[in-house]
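What follows is a set of structures to go through.
In the two assemblies presented below, chain A is common to both, partnered first by chain B and then by chain C.
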Partner chain A sequence: MNADRPRLISLRNPWFTASAGALSLLFVFSAWVGFVWLPSAQDDALFKGLLNAICSAAGAPRAWLGEASPPVPPKAPVSSVVLTPGMLEGASAGGSIGRGATLALRCTMCHGARGVSAANTPNLAGQYAPSIYKELRDFQSGARTSAIMVPMLAGLGDQDLRDLSAYYAALPRDSAPEMYPAPDIVATGSPMRNIAPCESCHGAMATKLGAPWLALQPREYLKSQLEAFAGGSRHNDISAQMRNIARNMTPDEINAAASYYTQNR
Partner chain B sequence: MAQTFSADSHDTAALSQRIEKRWALLMVSIIGLLVAVMIFTGLHWAMMPPSRVETIDPSTLHLSGEFVESNLGSAVEADGSVTVRVIGQQYSFTPQCLVVPAKTPIRFRVTSADVIHGMLITGTNINSMVEPGYISTFKTEFKQAGDHLMPCHEYCGAGHEAMWANVKVVDKDAFSKMAVNTRRLTCDL
Partner chain C sequence: MISNKRLVLAHFWLAFAVFGLAILLGEWQMFIRSPLHGWLHNPDLYYRSVTAHGTVMGYVFPTLIAMGFGYAITELSLGQALIGRRWAWAGYVMIIVGSVAAVVPVALGLDSVLYTFYPPMIGNAFYYIGVVLVVLGSWIWVALMGINLQAWKRAHPGVAVPLPMFANVAAAYLWGWTAVGAALELLFQILPVALGFSNTINAGLARVLFSWTLHAIVYFWLMPAYIAFYTIVPRAIGGRLYSDTMARISFALFLVFSMPIGIHHLFADPQVGSGFKFIHSVFTAMVTVPTLLTVFTIGASVEIAARLRGGKGVFGWLKALPWDNPQMLALAFSFVMLGFGGAGGLINMSYQLDSTIHNTQWITGHFHLIFGGAVVIMYFAIAYDLWPHLTGRAMRDLGMIRMQLWLWFVGMIVTTFPWHYVGILGMPRRMAYYDYSAPGTSGEAISVIMSTMGGALLVVSAVLFLVILYRNHSASRVEPAPFTFSRAIHEPSSLPLALNGLGLWVGLMIALTITNYAYPIVQLMGLPDARVPAVFVGAK
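Presenting the complex of A and B:
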């Protein structure tokens, strides 16, 4: 349109040079503040020096521990199972249901022909496979103790445990009549006393990887396990996540939770 | 519309130049003020914890390294400082009760085993995200003995409201007496 109008972006345009110049100065100053000045003000050897300050402020991952006493090893074996969402999936990691069914013949005298029994042992039909697998591995490693389960698992390899888990997870759950309304400890927990609701990990509200499905388990079993967690004699829950809860529960709450999941069977 | 000032083209150019300059000055001052606020709060209030990025595999915390269960809690270091290691997980902190000495340099090392949690210690400026895959490291010093609560302040799931821990700050002497018997201190039941 106007051929002799001066070009906007040009070093001969004083407006352009002034504003772009001021902006770059401000940018350089701000970068120096954020990457050099403020980090250097920290009382930490890893922030000292130009390169260190810049890398730290930019978030380059590095070891920040420095001198420290070595880790204290556990007194008793703890769970060594790595729980990840795909841990039992895929050709190499998955279990064979048919092979698991054959292996499960040794389990039937306590856990029932189809994973349900009246022997006060856990009902395994329809249990989550990662939960079964984790407990089996913990029995094997000594993280969880049982005079019955530990000898039963002797000689079984990792693939055997995966197959067993796949088999029991594939069995149909024992059909429940209608569940009673959940007691407070199950539905809301007791937040003022550090107790999350059972349902926030064990199903109904949300599930957490490794946490078992509890419905229709024998009352005596649930009660004894909650008490074992509370007293610390069972300690295969990773980083004490279940001990932290059970320790704060009253005997009444333990009874209420066990009765609810049992549905008075 | 008739203009109230002289419509002479030279005057218009001068006027718009003045306005441009004022606006530019105003904008640069606002940016300058924001940078100054950042400098002041960074230096004097420690508003933002310094970035200390460190990564860790959240699924294997319990197998080895400094976050195994037996290594959690407060550890007395050779230089007299205290390192406190904490895991956040759905839905509790481990340990559930932290015990630390007053008037002693303290270094917190916190990480998550599952989802994003947060921790803050009431009555102090300690406030950090607790993220899976990252170790939150920060340094502090408690001026006096007292009890504090440490809630998870980042919604972490259906049991979030029950996730909190106790922090007991005790006198230096009382702490060193407790530290005689055990290498990692907590006040868990």
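Presenting the complex of A and C:
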């Protein structure tokens, strides 16, 4: 091998030294500005000192609120359920539907023998399991109140609630007639009033975890719940999502949404 | 002489066919969210359309152009038949299969996640698998470009690598490395969730990985246009390239500075530290160097052409330029759009100024002006220049070509200028409908209508373009003169090692990726509580 053959990566190659040197200088300069100089201009204890400045500019997670006061507790109990796609997976994946059917005998007088009734209670047949489970947990924790549901759930354990949810989710839905075109509030909401379309979470267009399927629920039930959200007497919606929406809806819009989902039945 | 004409034509025709379909979707989107149409009662249709439009225009169309043009450059500039012809066809087939696999679930409403994926939103796995196939198909091209260059260099020791091939391989290596970010995101973050192995995702990490791809991909789209600036336009207008060295340095600097800057897309993301945002902002500013080098070099090359044609005076030479030549016209339009788009880009890349326009329609206006305008108009110019050499037939519709380029230019300005304006007014992007009756937003209505009209001009221009190419296939046969690239004033006889290969610049690109990305990525990988529940999209 000829020792005089020019090499690309070599201190004697001016192209290499110039480009690598200039980039190194640029990097060191921008790092100094970004990690030392600019943070030091912050008038905040967390940025004081070289190490603090560098760590904060690097985005190292730290207890920013360590010295702040603890969060203000809510006036009324709120939902403690954490909704995740895998929340109902786990120990009893198999066989829980049958057990849920046995437990559901206590529910039949209001919710019907097969999850459908004319008692102005929610129709549970075919409802999403996470939605049922969340409401049951909220009744138990006091986040949602009901003179009937709370005593019915006394003594039921977490596995019982999971089995009940699985059972009702497995029941066939009441056969739905052809849905008539959705009114504006359901299809488009009202963006300037922060009202998302009902359909974007509750079915027809898209579904979101924890949001119940609303089609063919009793009109009285839907209307009363929207009004309860609007007035704040129902408060188990996570992050106040439904309260913020319902509060901005007009009575006409509440009627239109309820009528659409019940198909005027 | 192109020996694999069918291969190049197949890439170009497929690219322009999907472009023709996707532009219709784009105009439909402009129309549907304008005051000319009532609110869309199924907004998901809009998001399906946006996803398909972005996937086709962002991944499939420019990749096919770069590939087809790259194969043509290999044979034309190296004077040798393409090595790996079967592999090239295999890559082409993979892109077709991938595109179909991606677009079908999008059309079914299973993947309305937009082409930037937006985790924690997760759609049907076939969409992501399709995108991966498109990337894998294009990696075959990356490898072939490197192999062909190495084979030529072995056969021609000590001879200067032709500029077009140098630039072409720079584009290939840029794409090869920058696509790694999105590939890592798809394979290790999104697909495990889409396939059901996990139902939580580290969304912050996924977004950082995508930013690795998201900005350099723009320079990959840009590369064919820049290659045309340097190697086609000066020849086509009867001039000389002002400096071969300057051209090589520009492409080398694009390679180096395209990569370590993607976090400027994440200025509003909380999971990245402000120090890294600042560094990426500084390196983004460095992209102005190769850009301005190019503007200067091409400006000088054009002036040479004008003076050779008898142009006189400080500015008087502008009149002597061949303005009826489509290449001249395309270059001028491209530079005007690049100028406005680049000026807007300076605002996007500034850590502070960005906050005024982040996630507004300004951004959509910006990348349509740069990519759809400055870059795609050069794709047209490339096609016009190459077509007679591919079909062996005369390109005689010069009047139609000029009309098409004018329409594209005017259409793009009319589309994007009001688009920028409503962005400054605060109009958010990615929405299917807007309440133009509200007092705060009613002033935006007229601008949005103007944009829609501009979009209609673009559709007309695209149709005209496809007609011109199609008509050429039945025009009279000619034996075109051998294809040549621009010649520089000083043709390089021997080059320094650094400018006769890409080793140094690829090395610097990877080194800067490590300095600018390693810490944010490693830090986010190590955060135990950074995983969030996936949000599954798609109608049930």
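FYI, the second predicted complex is superposed on the first by the 233 of 265 C-alpha atoms of A that agree within 3 Å, B and C clash if a C-alpha of one lies under 4 Å from a C-alpha of the other, contacts with A are read in each partner's own complex, and residues count from 1 in each chain.
The working rule: a residue touches a chain if its C-beta (ideal position, glycine included) is under 8 Å from a C-beta of that chain, and two chains touch if they have at least 3 such contacts.
No experiment lies behind these values; they were computed from the predicted model shown.
J.: With the two complexes superposed on chain A, say which partner A:200 touches: chain B (first), chain C (second), both, or neither.
T.: both
J.: Using the superposition on chain A described above, determine whether A:224 touches chain B (first), chain C (second), both, or neither.
T.: The answer is neither, since A:224 touches no partner chain.
J.: Considering only the touch criterion stated at the top, classify A:72 as touching first (chain B), second (chain C), both, or neither.
T.: first
J.: Should A:247 be classified as contacting the first partner (chain B), the second (chain C), both, or neither?
T.: first
J.: In the superposed arrangement, which partner chain does A:159 touch: chain B (first), chain C (second), both, or neither?
T.: It touches nothing on chain B or chain C.
J.: Going by the contact rule set out at the top, does A:40 touch chain B (first), chain C (second), both, or neither?
T.: Touch status of A:40: no partner.
J.: Of chain B and chain C, which one touches more of chain A's residues?
T.: The partner that reaches more residues of chain A in the superposed model: B.
J.: Taking the superposition on A as described, I'd like to know which of chain B and chain C A:15 touches: first, second, both or neither.
T.: A:15 sits against chain B and chain C alike.
J.: Given the touch rule stated above, what does A:57 touch, chain B (first), chain C (second), both, or neither?
T.: Both partners, chain B and chain C.
J.: Going by the contact rule set out at the top, does A:263 touch chain B (first), chain C (second), both, or neither?
T.: In the superposition, A:263 contacts neither chain B nor chain C.
J.: Following superposition on chain A, which residues of chain A contact chain B and also contact chain C?
T.: The overlap between the chain B and chain C interfaces on chain A comprises residues 15, 19, 26, 29-30, 33-34, 38-39, 56-61, 83-84, 190-191, 197, 200, 205-206, 208.
J.: Spell out the residues on chain A that touch chain B in their complex, using ranges where they run on.
T.: 15, 19, 22, 26, 29-30, 33-34, 37-39, 41-44, 46-47, 56-65, 67-69, 71-75, 78-80, 82-84, 189-191, 194-197, 199-201, 205-206, 208, 238-241, 244-245, 247
J.: Using the touch definition from the top, list the residues of chain C that touch chain A in their complex.
T.: Touching chain A from chain C are residues 39-44, 199-200, 256, 271-279, 282-283, 286, 431, 433-435, 438, 440-441, 496-499, 501, 503-505, 507-508, 511-512, 515-516, 519-520, 523, 527, 533-540.
J.: Using the touch definition up top, name the residues of chain B that touch chain A in the complex.
T.: 20, 24, 28, 31-32, 35, 38-39, 42-43, 50-55, 59-72, 75-79, 83, 87, 89-92, 94, 96, 109, 113-114, 135, 137, 139, 157-159, 161-164, 183-184, 188-189
J.: Could you please specify the touching residues of chain A with respect to chain C in the complex?
T.: Answer in residue numbers: 6-9, 13, 15-16, 19-20, 23, 26-27, 29-31, 33-35, 38-39, 54, 56-61, 83-86, 181-182, 184, 187-188, 190-192, 197, 200, 203, 205-209.
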